[in-house]
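Labels A, B and C are assigned to the chains in the order they are written; within every chain, residues are numbered from 1.
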Amino acid sequence: MFENIKKEFTTRTLVLIPIAIAINIAIGELVVRLKLPVYLDSIGTVLVGAIAGPWAGALTGGLANLIWGLFNPFAAPFFYVAAAIGLMAGFAGKRGAFQNETPRWVSVVVGAVFVFSLTLFILAFINASTDETGYTSYPSMSQLFSQYLGIFIFAILAGAAIGYFLLQKGGYAGMWGLITGIVAAIISAPTAAYVFGGVTGSGTDLLVAAFRASGGGILASVLAQGSVSDPFDKMLSFMVVWLIIRSLPARFTSR
Amino acid sequence: MAFVVLKNLTYLYPTSEKPVLRNLSFHIQEGEFVAVVGPNGAGKSTLCYALAGFVPHFFKGEISGEIEVNGRKSSESTLDEWVLNVGLAFQNPFNQISGAKYTVFEEIAFGLENIGVPREEMKKRVEDAMSLTGIGDLADRSPYSLSGGQQQRVALTSILVMRPRLLVLDEPTSQMDPIGAREVFGVVRKMAEEGMTVVMVEHKVEWIANFADRVIALKEGQILLEGSASEVLTSEALVENGFGVSRYTSAAREAKKKGLWKKERLPVTLDEAAEGFNLTRNA
Amino acid sequence: MNALGMYVARESGLHSLHPLTKVLLTLLFITAGLTLPGNWTGYFIVAFIVFPLAFWGRVVSNLFSATWKVSLPFAISVILIHGFFWGEGTPVFEVGILSPKWEGAIFAAISMGRIILVMSVFLLFSMTTRPDALMITLKQAGVPSSIAYIIVTTLQIAPSFQRKALTILDAQRSRGLETEGNLYIRAKALIPLILPLVLGSLMEVEERAIAIEARGFNSGKKETSLIEIPDTPLQKNIRRIVIFSIFGLIVLGVLWRL
């Protein structure tokens, strides 16, 4: 295991990492200029994971946040989240998620399953009730299905459409991105809630406010916010890296 | 025993289909200054990488034949041992700045830090190397604030400071003005006279004629011509094979057809041309 | 973005402290702010430790304006979310559906204290410590030199990447790429911007790796350092105490909350 980790850190990898972090920063800037409602600030991190492996990806993510923390300290405490993103990208790369094409029907299934689960999660969250003793009870699945059948059908169709038109042949990469986003949302929520009072100082705070208004606790609202915005953001990042890897000359990916 | 020996070297990059170097053999003596010329795609840069150990230790691919420097075989050595004896500087100066240092002085010391030279010796060596290449006044500047030509000098100095036995240079003066390039050729000549062996890929044939001991003309991975600068650089074969030649050579070749150039050998440099044409006028 | 981070070149006692001492103090102040009981600990540390230190380091006004700048968006969010969307509690006032709660206001104040603490402590560190000096000391403390290489190189090349990105943006715009308009148009514009940036940069990787390997980057020899970072026995002892205190605070913090 230790030998494997060492093997990832060739001079090429060490040279690639600063370039990747600079790419994170530069694309983050482009996204702001284009006023897009996403971050896409981990494309470089995902790229290193995909090209060099999970541990190199993890180091890239961690250092990226610590370095950015020199300018805006908000990023620094989340270094472990960025590291996890690079790690996940590396595992995805080892399984060929960035090299292979996915049949389009798989992309359709990935999109449908994801949007369906997300809808289920949010509806369960909004309909949860807390009694006087502080015990939170969630509605049963059958209850939700009968109440929101139309919404669920719409979610599955919308998800399928996202899968077909957006993921296209990169369904596998997109799926890894979605999973990575969920992991990122879960592990970042405690730090966001405890250290920063649940806010990020950006547009996604409106979501936190919405979940708070519907009765969620701070940690739960942050988690819910992350579950809505992170998977989509990471899905797009993984998709972009999938596109990049496929446009690379063979000598880059053949080692 | 020659200092550098290439024996039947054939090399194929991992993703390409035909070899870049084909059955290449030559010898270079210690302290010799050899220039390599050739059209694009002749394999000049690959030859540099092979001499400096990067083919095949960095670029994988298929290799056969032998590279020997100072009696050691590249195939039996690691890249990290190899670079202690062989220094490489190449064309693009921006990519040769390590990025890890904030001043030119520290940048030049980077290699010495890596190989563990003690601090006082390091300072002395950096100062000496900087005064040799004439960049003492840049010591406190950021490497990123320099012009391309200045960065090329820094790159060359960063290699010279390591005191390699064999210096491999791949168009190290491409972004310098003529005066700067001439100075750098002078420095390299001086290093050769002090015993450093030099292999330099270069387009500026006039400088080659002035400074190099020998010229190797490379085409499609093979040696087309080899010999003294004035022999090789004035050969008809260079023109036929699409090499760049000196404008004085071309002018004198035309003049010779009209009987205006009387000397046996064509000129490469301005001085030779002036001298030759003078002779014809006086005759 | 600047290659020296937020470093403010000044002659001061704080500037000349050993970088590792400052790293550990930074961690200590943050740990203390997050573990010690009391709602106002964050503010106390900022007021009675961080700013006096900034005064010693002659960067009070720099620190004040930078902390203000990075904390302001958080302040707005914290006040809006916790001020106006707090669930059950004692209302401060009620106007229509707006009903801020006292509990929310207090939570907002506590959160702001933590945010200002984290922001100001990190910024003070980065304003008074040169990244390269930090790297040299980390190397001496046993951190692999490749980490130092990555951090300093990133700081130096990132500005040129930002410029490159904006140049590509301008170039693609002048070639007729639509970057204004609805969300779909703007999102579609992103790929023709990202691909040239990333592919171009990846082509540099090979040459950059060759250049540093040619200079013994991987030599495996024990490295030396051109620059010496002064250290004192007093600071060494302080660092030992600080490490001990950080662990102590974490243990206490956990015990307090059990």
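Everything below uses one rule, namely that contacts are C-beta pairs under 8 Å (C-beta built on N, C-alpha and C of every residue); 3 or more make two chains touch, one makes a residue touch a chain.
Quick caveat, the model's predicted, so the values are computed rather than measured.
Need the central chain here, defined by C-alpha centroid distance to the all-chain C-alpha centroid.
C
Among the chains, which one keeps its Cα centre farthest from the Cα centre of chain A?
So the farthest one, by centre of C-alpha atoms, is B.
From the mean C-alpha coordinate of chain A to that of chain C, what's the distance rounded to whole Å?
The computed centroid separation for chain A versus chain C comes out at 22 Å.
Could you work out how far the Cα centre of chain B sits from that of chain C, in whole Å?
45
On a C-alpha centroid basis, what's the spacing between chain A and chain B, in Å?
The computed centroid separation for chain A versus chain B comes out at 49 Å.
Specify, in ascending order, the residues of chain B that touch 2 or more different other chains.
Each of 99 in chain B touches at least two other chains.
Specify, in ascending order, the residues of chain C that touch 2 or more different other chains.
In chain C, the residues touching two or more other chains are 149, 153, 157, 160, 204, 208-209, 212-213, 217-218.
Of all the residues in chain A, which ones touch at least 2 other chains?
Residues 18 of chain A each touch two or more of the other chains.
Taking the complex as given, what residues does chain C use to touch chain B?
Touch residues, chain C against chain B: 3-4, 132, 148-149, 152-153, 156-157, 160, 204, 207-228.
Once bound in the complex, which stretches of chain A touch chain C?
Against chain C, chain A makes touches at 9-12, 14-19, 21-23, 25-27, 29-31, 33-37, 40, 43, 47, 59, 63-64, 66-67, 69-74, 76-77, 194-202, 205, 208-209, 212-213, 215, 218, 240, 243-244, 247-248, 252.
If we count contacts the way the header does, which residues on chain C are in touch with chain A in the complex?
1, 5-6, 34, 70, 72-74, 76-78, 80-82, 84-87, 107-108, 110-112, 114-115, 118-119, 121-123, 126, 131, 146-147, 149-151, 153-155, 157-158, 160-162, 164-166, 169, 179, 183, 186-187, 189-191, 193-195, 197-199, 201-202, 204-206, 208-209, 212-213, 217-218
Looking at the complex, which residues from chain B come into contact with chain C?
Residues 49, 52, 54, 58, 79-80, 83-84, 87-90, 92, 95-102, 105-106, 109-119, 122-123, 126, 142, 144, 155, 158-159, 162.
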